[in-house]
Amino acid sequence: MAFVALADLAARVPDGALLAIPPDNSLTPAAFARALVRRGVRGLRLLGVPVSGYVCDLLIGAGCVASLQTSAASIGETGLAPRFARALAAGTLQVTDATCPAIHTMLQAAEKGVPFMPLRGVLGSDLVPHRPDWKVVENPFAAGDPILLVPALSPEVAAFHAVCADDDGNVYVGRRRELATIAHASRRTLVTVERHYPGNLLEDEAMAAGTISGVYVDAIALAPRGAAPSGLLDEYAADAAHLAEYARAARSDEGFAAYLAQYVTLAEAVA
Amino acid sequence: MAFVALADLAARVPDGALLAIPPDNSLTPAAFARALVRRGVRGLRLLGVPVSGYVCDLLIGAGCVASLQTSAASIGETGLAPRFARALAAGTLQVTDATCPAIHTMLQAAEKGVPFMPLRGVLGSDLVPHRPDWKVVENPFAAGDPILLVPALSPEVAAFHAVCADDDGNVYVGRRRELATIAHASRRTLVTVERHYPGNLLEDEAMAAGTISGVYVDAIALAPRGAAPSGLLDEYAADAAHLAEYARAARSDEGFAAYLAQYVTLAEAVA
Amino acid sequence: MIQPEERLIAALAALILDPAAPVARHIAVGAASPIPAAASWLVKLSGHDVRLSLLHLQRGNPFTEGTRELFDLAGQGRIDLFFLGGGQIDGQANLNLIGTGEWPGTGARFPGSFGSAFMYLMTPRTILFREEHSPRVLVPKVAHISAAGVSPPGVFRRGTAQALVTGRCVFRFDGARFHLASLHPGETADSVRAATGFAYTEPAGVPQTPDPPPDQLALLRGPVRARMQATYPAFCARVWGDSVA
Amino acid sequence: MIQPEERLIAALAALILDPAAPVARHIAVGAASPIPAAASWLVKLSGHDVRLSLLHLQRGNPFTEGTRELFDLAGQGRIDLFFLGGGQIDGQANLNLIGTGEWPGTGARFPGSFGSAFMYLMTPRTILFREEHSPRVLVPKVAHISAAGVSPPGVFRRGTAQALVTGRCVFRFDGARFHLASLHPGETADSVRAATGFAYTEPAGVPQTPDPPPDQLALLRGPVRARMQATYPAFCARVWGDSVA
């Protein structure tokens, strides 16, 4: 599988796509999101797996997003996601609330190819009446035991940033094995990586356990430090100062525009 | 977590326990099974995850087993499991047939803490009428769509042979990540390993992805070449000649008794 | 001088060790929770046999399947105690992490429910923690329920809130309502009542929340801080200053 | 001299490449299946763009979640073609891997159903393969159904058997019944009829199963054999002798 340019990877996300994104701290595709902003994608339906952070907030602020399904929106220690909150208040973003294990479960149902999967808990939460796509049924194996069923969810596209990829399209995510489920459940998976891996990751016993097979991967682009300002495993730490700067700037329209100009539109325009 | 002697590990399996065992080629606990034979365990209810091979056949032949749930019983290229077939014919073994993904799914339901999980396929198989614990229901999300539900299954004990373990009880299974689900689903997990790992496997980014956390592991014993005659990842290959010798010997009661005496009762009695 | 955060940490630790509650052998701590994390470390470093699963540990994170593994662990019944908070908390221990106004938060918007809707029902013990203690947070009835404080018979549930610790006091929860259990220094029964929007019982002679004894303070400022530094540098600097004890 | 196994491999490869069937971009091969594995390698090494997932590959095994990942892949619809066999196969393409006599096989006991009950319904194309072609194997009605050959309307199913290849002939399956498609050298319509327990249609002038052409034989004896050697040493030695071509 030949690597493509970052801009070409971003071009593979059609307007209006249901796009699954892991949050800060979980191989989040930050450079890819900035490339999506430059590409001018519109109408994305984002899925935070299971929550959303910097990447989703940036895409929302840049006007790329029509809707967001997530279990929470927050950035770093600030606990806020300013562009998310602003778009929600302005009525320009349709928000569907979930709870983390429900999003994992919906993806696992897609991963197994079943139309639904049960989940304990959640009953009594107002999430249930606000999710007409969820159903509460009686447990067929025990009388008088109501249980939640959530439907399978197959994102059109999943995107994340991994450590490395080989020529067979295998990508290394290390201990963040949950990324495999996102890839398994999604129709297409686009990956940015720090670097090329010479050889075959699945033929290396030391790397195989942390590798997602190329069978699930559609295209790959190099993007060194592509998770920043989030961190990436033991490769680099999160840039807390940058995340705080973003959270501050994004409180105002002007601040967000200045951030975009400085870090997104111009800075990486050559990438 | 202090390592225990192999015999002490075997002593932790009570008579009559529901014991989950991965098959040949999947970190099968062969040395542990031989220790169980020496311990004289009785009435085991074995679960092949998802099929059974040398280890289960040996335990059945040695009179340790009351019942077996499995999707198939076969050893190496021979395709036969002689003691299994013999015990089934003699009426001394209760066999519950399954199909591989149903066993995986029953364990995944236990892993998630849900009482059941759906599985596609299987309908029309005579497995269904012979599994009163399985149910066919209408898909609550789509009319006229029958689907199988299988109940959660929590083995009392899971046993497998891993590469190494550290002092925190973390064990390294490399690319055989499915062993994690067996451990997650089981109430207790007993592990044999080739060797001790100095340090903490979960603090080593290169090892973490192939590591099962000690939170799921109850006791560990050293058992060098503990999967043999099966192979173990890239550590050592299967001993096809030994497996063929076993399959030949186990065709007769006398041959099996001689095998037991040579390879199980006497050979490792000091272990 | 004892920092207010140190007292909150000690109060949480005392609740973790409550001899009347089932033993907590495995405590999980979610994202951005420095005070619950410190309390859990304090218990462990005091010599108690407890396993800590800290979701946001930077090195040696125990999970290889991310937050899904945390939720699976809770589903399996392997997490004995968890901490939750809320933008609003009401007298039935309902938690609102959604927001106020119309769904999904057209008034104030809170971050979202995270895993609360699941964890609250799957964990035998939950300790609620929210520093801000005001009528805005502790309300008669939450605007929206992220996670239900109590459940009707028949709903699978392993436990409820054990207690609620705020910046002003400790409430105990008995499965139906809150009881004022202790007052932090500077607070009175009246000041707490004025700051609390929900009804609760108030025994005569509410004790003061005890100060952490010197050995706990030494643990906090030394070994506990050392475990916290990498994940919560800003918190450590604010509470304990720039120099490591 | 062409080995019988080589002809079976070529027959399976021709079925994989059948232009009337949906393209197989991803073929999975289960345990202990040297002839289907060789056919899949032959297709790939002939230059077709196909992904092979070989469950029992010793090095570079594509799965990091064992057989569960294979079944999940099939559930996702990512496996286009799979191979199955059976201790008994009947005219409705039902497979019996359980045994004969009373359940669970008090007569002859077969190894068990493996994943057949699932894979048969989840895979768009299944090629059945069983070398033994006798009335004992190809029966009017299987004693027990491990995996159903056809399903009533409403049952989720992506496909049925495409064909059945035996040591005597090739049958095509049309979703309801078998049709004799070609005879291996030495067989006649009569000899096949005598060896087959189930009913099938038999067109006039059934062709002979073609010999693999020289370029296929060269591929088989060189590159295909090289890919097979580590997993199936006994098979390679039996068919191609001890020396590597």
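Annotations
The chains carry the letters A, B, C and D, assigned in the order they are written, with residues numbered from 1 in each.
Just so it is clear, a residue touches a chain if its C-beta (ideal position, glycine included) is under 8 Å from a C-beta of that chain, and two chains touch if they have at least 3 such contacts.
All values reported here derive from a predicted model rather than from experimental measurement.
Graph distance from chain C to chain D, where chains that touch are one step apart, equals 2. Of all the chains, the one whose CA centre sits at the greatest distance from that of chain D is C.
Averaged C-alpha coordinates give centres for chain B and chain C that are 40 Å from one another. Here the spacing of chain A and chain C, counted between their Cα centres, is 28 Å. Residue positions 112-114, 119-120, 145, 147, 175, 177, 202, 208-209, 234 of chain A are each in touch with at least two other chains. For chain C, the set of residues that touch two or more other chains comprises 59, 61, 63-65, 75, 122.
An unclassified topology is adopted by the chain contact network, corresponding to no line, ring, star or complete arrangement. Looking at which chains touch one another, you get A-B, A-C, A-D, B-C, B-D. Note for the complex: chain B touches chain C at residues 110-114, 180, 184-185, 200, 202-203, 208-209, 211, 213, 215. Taken in their complex, chain D has these residues touching chain B: 32, 56, 58-59, 61, 63-69, 71, 75, 97-98, 103-106, 109, 111-122, 144-148, 150-152, 154-156, 233-234.
Those residues of chain C that touch chain B in the shared complex are 26, 51, 53, 59-65, 72-78, 122. Listed in rising order, the residues of chain A touching chain C in the complex are 25-26, 50-51, 70-74, 77, 79-81, 85, 88-89, 95-102, 104, 119-127, 130, 144-147, 175-179, 181, 231, 234, 237, 240.
Only residues 105, 112-120, 135, 137, 139-142, 145, 147, 149, 151, 173-175, 177, 202, 205-206, 208-210, 233-234 of chain B touch chain A when the two sit together in their complex.
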